[in-house]
Each structure stands twice: as C-alpha cells, then as structure tokens.
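Two complexes are shown next, each including chain A; its partner changes from chain B in the first to chain C in the second.
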Partner chain A sequence: MKQITLALGLVAMLAAAATSADAPVTVNQKGLQFSVAELSVKKGQTVVFFNDDRTTHNVTVSGDGNGVSVNGGLQPPGADFRMPFSKPGTYAISCGIHPKMKMTIVVQ
Partner chain B sequence: MNNRRSPLASLFIPAMGLLIAHGALGAAAALPDRSAELQSALADYQRTAQTPAPKTNPMTAQKIALGQTLFFDPRLSGSGALSCASCHNPGLAWGDAMPKGLGHLGGRLGRRTPTILNVAFGEPYFWDGRATTLEDQAKGPLTSAAEMNMPAKDAVALLQANPGYARMFSDAFPGQSISIDTIAEAIAAFERTVVSATAPFDRWVGGDDTAISAAAKRGFLLFNGKANCATCHMGWRFSDDGFHDIGLPGNDPGRARIAPGIAQMAQAFKTPTLRNVDQRAPYMHDGSLATLAGVIEHYDTSFVRRASLDTQMRPLSLSADEKADLLAFLGTLTSVDAPVTIPVLPN
Partner chain C sequence: MQPPVARYPRPLRHIHWIVALLVMAQLAVAVVLTQLRSLAYGQAVLELHREMGLVILILLLVRLAIGRKFRVPKQPALGMPAWQSGVATTVHRLFYVLLILQPVIGIAVSWARGDAVKLIGLIAVSAPFEISDAARDNLMQAHIVNAVLLLCLTMLHIGAIVFNRVVRGVSVIERMLPAAPAERLINRTPIAIQMSVAFGLLITIAMLTGMYAISKYRDFTQMTAVFQAGEVAAANATRTAQVAWKELLGPAGAVPDRIADQPMRDLADTARSSVEDAASHSKPGDVRNALTALVGNITAATPAGAAWRLAELRSIDTQLQDVVDSESADVFQGRTENDEEAARGHDLIVVALLPTAIVGIFVALLLARSISGSLNRMSMFVRAVASGQSDGAMEVIGRGEFSALMRDMLTMRMAVEQRGDEAAAQRRAFESDRVRLAEESQEREAAAERQATAERQQAEAERLNQLERERHLLAAEFETQVAGIVESVTHTVRDLKVTADKMAVSASNSAQCSRDASKVARQTSETASLIATGAAQLSTAAKTVRGHAGESKSQAKRAVEEAAEAKAQIDSLVEATRQISNIAEVIIDIARHTNLLAVNARVQAALAGEAGRGFAIVATEVKDLAAKTRSAIDGIAGQIDQVSNGASRSVEFLQRVSARIESLEGAATGIFNSADTQCASTSDIADRVAEISVSTRSVAKNIDEAQSTASATKDMSTLVLEAADLMEERALQLEEQVTRFVLQIQEGSGGAAAHAGSVSARRPLAAAAHEPPMPQAMAG
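Right, the complex of A and B next:
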C-alpha cells in the first residue's frame, strides 16, 4: 500500500512539473518596473505581462536577431498582454512609454 | 478618454473626507492628522539617499572639478561664446528662461532648454529621450552644428593644447588621453552633482506639519487625486521619465521619431521634473506657456484632442480655489540650493 501511495505521489509530482513547465508565467509592472529583470522560459511558453501599476504601459518585445518584434499596444491599469514565445533566443522587453522599464527573457 | 479614477485618487478620498469632516478646508491650519493612507502616499515621495552613477564612469573629485570647468568654458563652442552654462544657467534653475534655446550665433533652437536639475536620476535624456546615458547627452549639444558647433576633434585639439586642461585630464583620467568620451564623462560627472536641496515639501513628508500651508496640503491631495498630475509627475523628482502627448499644439513629432510604431508616442515628450518648477518659466517642451497658472489651465481644459493624446488626459473641471491650491503646492517643491562657484578657466 505504501509503495502504491509513493508511486501515485511520484506520478502526481511529474504531472505537476510538466504542467508548471508549460504554464504561463506572469510578469508584473508595478512601480514603473518589471517584477523580474531576467526570466527563462521554455519554447512555446506564454508570458503574461500584467499591468498592476497605476499608469498605462506598452510592452514591446524585440528578439535578438530572430526577426521577432512585437508591440503589445496600450495597456491600461488592470490589463494584461499575453505573449507566447515560440522561437528560442534572447528577447529585450521594454515599455514604449517608460523606456527605463527593461527586462530580458531567454527562451530555451 | 479614460474616466476611471486612479487607485491613488481613490486612496485620497478618505483623506479629503477627513479634511471636510474637520472643517479644515479653507482654514490656514495643518492637516488634522496623518491617516495611514496619507502617510503611505507621502512615502512615495521620499527622496533617494544616493546619487546614481554608472560603473563605467564613477564620480571622483578630480573628474567633477574638470567637468565643472568644462561646463562653464565658452571656448568649447565654435563661436567661442557658448558654454553648457549659457543654456543651463545655475542662476536660472539650470535653464535659460527662454521659450526656445539659443544656439550657434544666436540661432533659435526647436525646443525649450530642459533643466539639468537632478539629471543624474532621469535617463533617457532630451525631450525625446534620444540619449540613453548622460555621457551621450553631453556630447550632443557640444558637437551639434546648431548648438555649440564644436566638432569632437576640434574640442580634443583645443584641450590638448591647453596645459591647464592637460593637467586636469591627467588627474581625472590617469593613463587615458583626452577624447570626446573623457570630455563627456567629466561633464556628466559634474552634472550628476546638480541635485536640488531639501524643500518645504520634503520637510512635510518628513513629518513637519508646519512646513507647508493648508492650501499646499490641499493642493497635494488634488495633485494626487482630481487633478491627476501624479500619474506622470510621480516620485520625489515628480517625473516618471516617460513620454506623453499632453495635447500641446504644433507638429513636432517628439518621441515618435525615436520610437516609431507606438501610436501614443506621436507628439509625446518626456515628463519634466517639478523640483524648483516655479523658478523655471516659461514651461512645456515648446516654452509656449508663460506661467504655472497657464500650465494648470492647459491640463484643466485647454489641451488639443487627438488620437495620440495620452489616455490620462481628460478635462479636470478644477475650480479657481483648486487651481490656487495646486499652485501653492507646486511652490513647496522649491529648495534653496547651495550657491554654485563659477570656476577659473585654465590656460
């Protein structure tokens, strides 16, 4: 019985790990800064840029030599911008309104 | 138009309610007390203790002294008549008190001269943010044909031929030759020392309820609430270092030239600091508004409605008393700064 419980527990852990690896990752923007300076995600994973600040932001994404350039558009307080990263590489993230807001995302 | 009330505006409603409940509005008295909400909001305006400097250009006494000397030296201009201080005059709150700057041989420039007060904290630079570092900014006016009109190689040759400067550079940059980079690094190091001193508003933030008037305190609540100023003029320098189209007439593309493809950057300009703002008329990137009262009128109702207008711009319906309170508050941001020594220039 103990062995079955352990096996089930292991299956559950593996399932959770697989889910979390693909689950969207949220980046906040409170206080005119991204909540992390660097982020590593898996190919295909989505990053949710949530505006929990009190001013409008505008996320821009620029890939390093892979041709990806995305303007997330105006993002009022409370709104989010979801960006799936389908190409491996390093991405520079900034705010088009507040260029001091910068972060890097590495897609494995 | 975005007519939602900002979270900070909501936060101030209890404080304003408290004022009304205690009958303090219109009275020349201190706030009845400091609510937790008010104290929390004031904490957003605590001054930063340290002046930042990049690791690539640490501030040293020798570098600052050299930078200050270069800053005041008109020989670093093609005409021999313009120094950095000609436009960034410490006696005029580090501006020039003109609607548009004057450049080489008196040519009129396209925008108002921004102050360099607290510039250490405020990258990117210029009204359109085209320089990402203060060092890059320092090279711009120096070498611009329209401004100081001093090609980099001419500046280097002029300084190399001056034994006094050669010694100062040797002290400030041991083992390095004079170059446009070391010139810019020295000027930037000096500019980072230009920091506004403590103002009455800071003393209020620090707990002295007698530091500013009741009108100024009401103005602070308006600034953070109904008037919506703090959406962009935030933090102790009162700037988000961001770019916004605030509806001034004209066709200057502003930030859009630097950051194309972002619709709201058309005719957007950098949020200026409000420190010592009542010493720095005229106002706006184009110098089009002669007084702070005119600036408040602009934000109240006079702005141009267009597609790129910042979503936070909306008619404010401020009363005459509220406008007066805002003016009273803005006056509390002015500090009595230490006198600036104009250096003896080396030969």
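Right, the complex of A and C next:
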C-alpha cells in the first residue's frame, strides 16, 4: 500500500514537473549550419535539433566541465534529436559530419 | 578463323580494371552511406569514399599521362558500324570527363564542408579558398547528378559488351584481358577447391560479421541491462526519495519546526532508504558521493525525538534535486551511448555487406575467367589437333581438373600421333607392295604382250599369205572385169558416137523447121493482132447498140408506166361519171316528186278558188321547173353516158397501147440482152485474139530458142563426138595400164612371169575387142 501510494505520488510529481517545465526549443539544421549560433535555455528544458537539410547530420553535445558528453548519432534528412539539458552550464554543439556546423547553448 | 585480338597494353588494362572496381565500390559506398546510423561508421565510410575517389583521380591522370607511350591498338577486324563506333568513342570520352570531374567535385564538397582532403591518411589538404553556401549546395547537387550519369554510362558500357558478344558475336572484352599463352595451361588448384575456398571465404566473412554483430548485440544487451540496473535504477530510486521528501515537506513546503510524527518519520525513512538504494545502484563518482552524503544529511536532519528544522529539510530537498538533475543527464547520456552502440552494430552489418559483395563478385569473375580461359585453351588445342596443326609442346602446370584433362588430351594426342605413324608405315608398306605388284603385273603384261605379238606376227604372216593369194585372185578377177568394162566402154563410145551423129543431123533439121515455124508464127501473130483490132471495134459497136437498146427499154418502160397512170385517171373519171349519174337519178327522182307536188298544189289551188290562184301560179312554175329540171338532167345523163362510153373506149385504147408498149419493152430488152451478149462475146474474142497474138509471139520466141537450142545441140554433138574419141583413146590407155598393173602385181608376188604370160596371151583378145575409132567425117 505504501509503495502504491509512493508510486502514485511519483507519477503525480513527474506529471506536475512535466506540465510545469518550459516548452522545448527547436534548432534547425539547414544549409550545413544551425539556425542559431547561440541559445540560452533553462535547466531541464529540452532542445529539439531538426534536420531540415538534404544531407545527413549529427548532434554532438559537449558540456563545459560538467561531464556531459552526448553523441546523437546520424540524423537522416527529416529526423530530429531531442535533448533535455538538466545540468546548468555552457554546452558546445557541433555536427560530427560537418565540422563547420557549430553553436553554443547556455543552460541556466 | 578468328583474327588475332589487338589487346590493350598491360598498364592500361590494369588501370582500367582497378578504376572499374573502384567505381563500382564507390557506387556501393554511396548506397551504404544512406543506410548508416552511427556517427563513427558514417565518418569512416565517408573517409573511405573520399580516398577511393582520390585514387580514381590519380589513376586517370596517370592513364592520360602514359597514353602517348601505351597507345590503344587498332582492331579494324571488329567491323563495327559507323554509328556504333561513334557511340563507343563518345561513351569512352564521357567516361574520362565524368570520372575526372567527379573526384574534383567531391574534393570541393569536402572543402565546402570544412574537411581537409586526406590521401590515405598521410597528406591533408585544406580548402585553399572559401566556398559559399550556395556554391556548396550546387557542388553537392552536381556530385549526385554526376554519379547518376556515371551509373548510366557504366550500364551502357556493360550493355555494349553484351550486345557485341550476343548480337555481333564479337568478344570485345577480350581486348581488355591478358592473352593466355597457347602453349601453356595453368590450373594449379582444382576447381572444387577454388570454389570451396571462394564460398568458404564469403561464408567466413558473413559468419564473422554475424558473430561480431551477435557479440555486439550481446554487449549491447548487457550494457543496457547494466545501465538499467545502474543509472536508471538509481535515478528511479532518487526520484522516489525526492517524491517522499516533497510529501514530507508538504504542499507548501513549509513544515514548522516540530517533533516529527510517525507519518513524517515514515516518509523520511522512505527517502533515506531510496537514496541509499540509489547510491548502491549508481556508479562510483560524483553522483554516488552526493547520494552517500545525502544519506548522512537526511539522517542528521531527521533526528529521533528531536524537532526537525525546516531549513535543513529544504536543503536536503535542494540536494535531492541536484542529484536528480545529474542522474537525468547521466541517464540521457547513457541512453545515447547505448543507441550509438546499437547503431554501430547495425552499421557493421550494413558495411560488411559491401566487402562481401565485392569479394563475391571478384571471386566469381576470377573463377569464371579461370574456367573459361582453361576451356578456351583446351578448345584451341582440340581444334589444332583436329586440323593437324598441333605438333608443339604444351606445358601443363598444376593439379586441377583442367590440367588433368589437358594431360589426358596430350596423351591422346600422342596416341593419335603414334597411330598416325603406324598408319603412315602401313601406308608405306602398302605403297611398296603396290609398286611391287605393279611391276610384276607389268612384267606379266609384257610377257603376255610378247606372246600376243608373236601370235599376231604369225597371224599377220598367215593373213599376208592369205592376202597374197587373194590378191592374185583379185588381180585376175580385176583384169577380167576391167577388160569387160573397157570393152563395154568401147561399145558405149561407139554407140555414143552414132547417137551424136544422129543428134547433129536432127539438130540441123530442127533448126531449119524452127526457122520456118518462126516465120509462120510471126505472120500468125500479125494476123491475130489485126483480128484483135477488129474485134475491139466490133465490141465498141456492140456496146453502142447495147446502150441504145437500154435507152429504148427505159423509154418503153416509162411509156407503160404513163399509160397505166392514164388508165388510172380514166378509171377515176368513169367512177366520177358513175357518181354524177347517180346524183342525176336522185335529181330526177326529186324532180318527179316536185312535179307530183306541183300537181297536188294545182289541185289544191284549184279547190281553193280565187284564194289559191297565186298559189296555183307558183305550183305551175314549180311544175315547169321540175319539168325543166327533168329535161336538163336527162341531157346531163346523156352527156354522162357519152363521157362514160368515151372513157371506156379510152381505157380499152390505153390497154392496147400499153400492151404494145410492153411488147416493145420486151423487144428492147431482148435487143439489149443480145447487144450485151454480143458485146461480151466481142470482148472475149478480142481478149482471145490478143492472147493468140501473145502466144504466137511466144511460139515464135520459143521457136527461135529451139533454133538456138538445135544449133547448140549440134555443137554439143560435135563435142560429144570429140569426147567419145578421147574416151576411146583413154580406154585403150586404161587397158594398157591395167595390164601393166596386173603384171606388176603378179610379178611382185613371184609369179609375174606366169601371169605376164597369161596377160600377154589374153592381150590379143583385148586388142581384138578394140575397134578403131569412127571416122571424124561420120560425126559431122
């Protein structure tokens, strides 16, 4: 009974957190570049990287000193990669295929 | 016989096939690139794609550089039509252009992406200039279009090879393949082993790939399980602790400092145990340390039997949130790492297909080339043996089936050659026997010929003897016959001379008679001419009479016709008088009735008295008128009767005149016919007389010719007499010659004396038969 109560409470908390979180921010990958060079989001906010290009892309996230290092894999045209930024800090975003594609995200 | 193949030089062949393999691999890589999911494999395959493109570019530049040294040999025997040759040249030039252009565009695309171009990882060349975004897009598009064009050209190129082989029967691909030496066959390894190794290699690659993929899948599964049991479980436990702690703090998060009750202590225990659970699942590191510290902080902030301070409780809530955030980031990162690992497993399978396919195609080509090459070699060998041109050595290397088969064929060739030698020896022996038999046969034939010659000579001698005997007989018989003939000729000549004399006399008489007859004929001809002239004049007169008679006949005919017409007119007049007579009778009848009426009227008038006086006068007048009418009518009737009688007599007269005229017409017709007949007769007489005149002239001419002929006959009889004298003389000469000939024959056979005696004895007979020629005077 206690566990059921806790589980229900956990679901309620997560639902409340979900509803209270800020809306995702979309960054387009088009013309071999990100749509913005710098982006500032709140902690816990999700950034959606959408491949709007005619070639395959990749999203590589590297946190500045917070230990976050994420490789989003290959994104064929039309695919997206959603990443929640839970840790505050400055993140360098780049494309593993096209080295000239870079941007920065600051999580507050 | 196939013309020799003008093969490409070896360097050009090597470059061609390497470039062909690389182009096919590039097309496969381009397809593989669209199927990859992991960044690592994507980068690796892309790098491979770039480096292969660079190698293609270098090989093509080398090909162009050595093109002057290694020229493509001409092969006119290919016999391509002009259109096909033009298409082939165009396709090859397009290949060069596109194959050089494609790597150049690829380099530009790499530079536009910000990558440095590396050659086998040794030399890296960065972009020497900035390439705009628009140019980059266009370059990428051109790279894709160029690849499609290359694929189309490749299909056309391969299709042309198949077309030439199947349709035209020309294997143009042979020009790009090395020439197999005709005197050597290499089949080191049996085909079964080759195929086993090839398929084993393919299966091994596939199995290794599969095993590696299975291993990676196992690692992925294990890693996922560890991840689930580690970071995910810790995150879940931390989340549970956070939920319990937030419930402890209450909705407002403002729990007063007080002694905790049992529910609060339960919530605090739940949070502490969950944090402990999370710490036990988390990996060593900051998060585990934070969780361990958090357990101590929770214990410190929730003392038993003492008041819990709100600030400490809120601090623990903040610490829990920090740990949850860190764990969330770790879980997300772990999940992306797991996804990348799964993508690598997927990409490994996709990429492994590429070398498997290439190796498979390569092995298949090698095997096909090896098998077809060996079969071609053996086919050439068999054809050479069949045509008797295989007398050279054949080097056979290896222990493969084809080598074994070639060795068997060599053994067979030796056996065939040995049998050929034996057959040659047999032929020589047979030839020797044949020559010997021929010589023996010739000797036998010579002996037989000699014997036959002797027999023929003996027979000839006998035949000559027989001929000699027959010749004597024939000479005697010939002499007798010739003597008879000479005698007959002599008699004939004599008769001929008599006849010729008679012909001369007759000819003289004929000539005289002919001259007389010719004179009479000329006189007759002249008389006939005079008669002909008279007959012609008579004919003319007869024609004139005939014309007058014809005219009389026509006049008489017309008179008869006119008389008939007059008779018809008179008949119509008689009819008219008859009708007038009838009318007169009617008028008489009317007059009689009128008179009767007038009498009645006078009676009535008399009865009427004075009143009828006038009427009586009228009746009297009417009665007088009727009497006058009767009288007039009677006069007219008399005139009519006279006219009718006159007409009747005229008709009778005309009938008589017509009969006379008809008789005159008959006479005229008779005169006409007689004159016509006379005219024809006189013409006939004139023609006959003219013919007689012509005939008499012809007779006179013939008589003249007969006279000439008689003169000629006389001359000819003179010649005949001379010829008869000559024949008589020749007959005597012939008799003498025959006598001499017979004597010579008889003397030539050894019995000349006897025969000469017999001929001399018979000569008086011949001489007696001969009479002297007739005197020439008799012939005249």
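Definition applied: the second predicted complex is superposed on the first by the 87 of 108 C-alpha atoms of A that agree within 3 Å, B and C clash if a C-alpha of one lies under 4 Å from a C-alpha of the other, contacts with A are read in each partner's own complex, and residues count from 1 in each chain.
The definition used in the following text is that a contact is a pair of C-beta atoms (placed from the backbone, for glycine too) under 8 Å apart; a residue touches a chain by one contact, two chains touch by 3 or more.
Computed from a predicted model, the values in this text were never measured in an experiment.
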Q. So, on chain A, is it clash or fit between chain B and chain C?
A. clash
Q: Pick one for A:43: touches chain B only (first), chain C only (second), both, or neither.
A: second
Q. When the two structures are overlaid on chain A, which partner does A:58 contact: first (chain B), second (chain C), both, or neither?
A. both
Q | Contacts of A:97 with chain B and chain C, given as first, second, both or neither | A | both
Q: In the overlay, answer first, second, both or neither for which of chain B and chain C A:23 touches.
A: neither
**Q.** Contacts of A:32 with chain B and chain C, given as first, second, both or neither
**A.** both
Q. Who does A:77 touch here: chain B (first), chain C (second), both, or neither?
A. first
Q: Return first, second, both or neither, reflecting whether A:87 touches chain B, chain C, both chains, or no partner chain.
A: second
Q. If you count the residues of chain A that each partner touches, which comes out higher, chain B or chain C?
A. C
**Q.** Stretch of chain B, among 22-30, 130-138, 202-210 or 310-318, that runs into chain C once the two complexes are superposed
**A.** 310-318
Q. Which chain A residues contact chain B in one complex and chain C in the other?
A. 32, 54-56, 58, 60, 71, 74, 76, 96-100
Q) Which positions of chain B touch chain A when the two form their complex? A) 2, 4, 6-8, 123-124, 129, 132, 231-232, 234, 240-244, 259, 261-265, 268, 310-312
(Q) Taking the touch rule as given, give the residues of chain A at its contact with chain B in the complex, in rising order. (A) 32, 54-56, 58, 60, 71, 74, 76-77, 95-100
Q) Which residues of chain A touch chain C in the complex? A) 2, 6, 9-10, 13-14, 31-33, 43-44, 54-56, 58, 60, 66-74, 76, 83-87, 96-100
Q) Which of the residues in chain C end up touching chain A in this complex? A) 33-34, 36-39, 42-43, 46, 112-115, 133, 136-137, 140, 239-240, 242-244, 246-247, 266, 270, 286, 325-326, 328-329, 332-333, 336-337, 339-340, 343
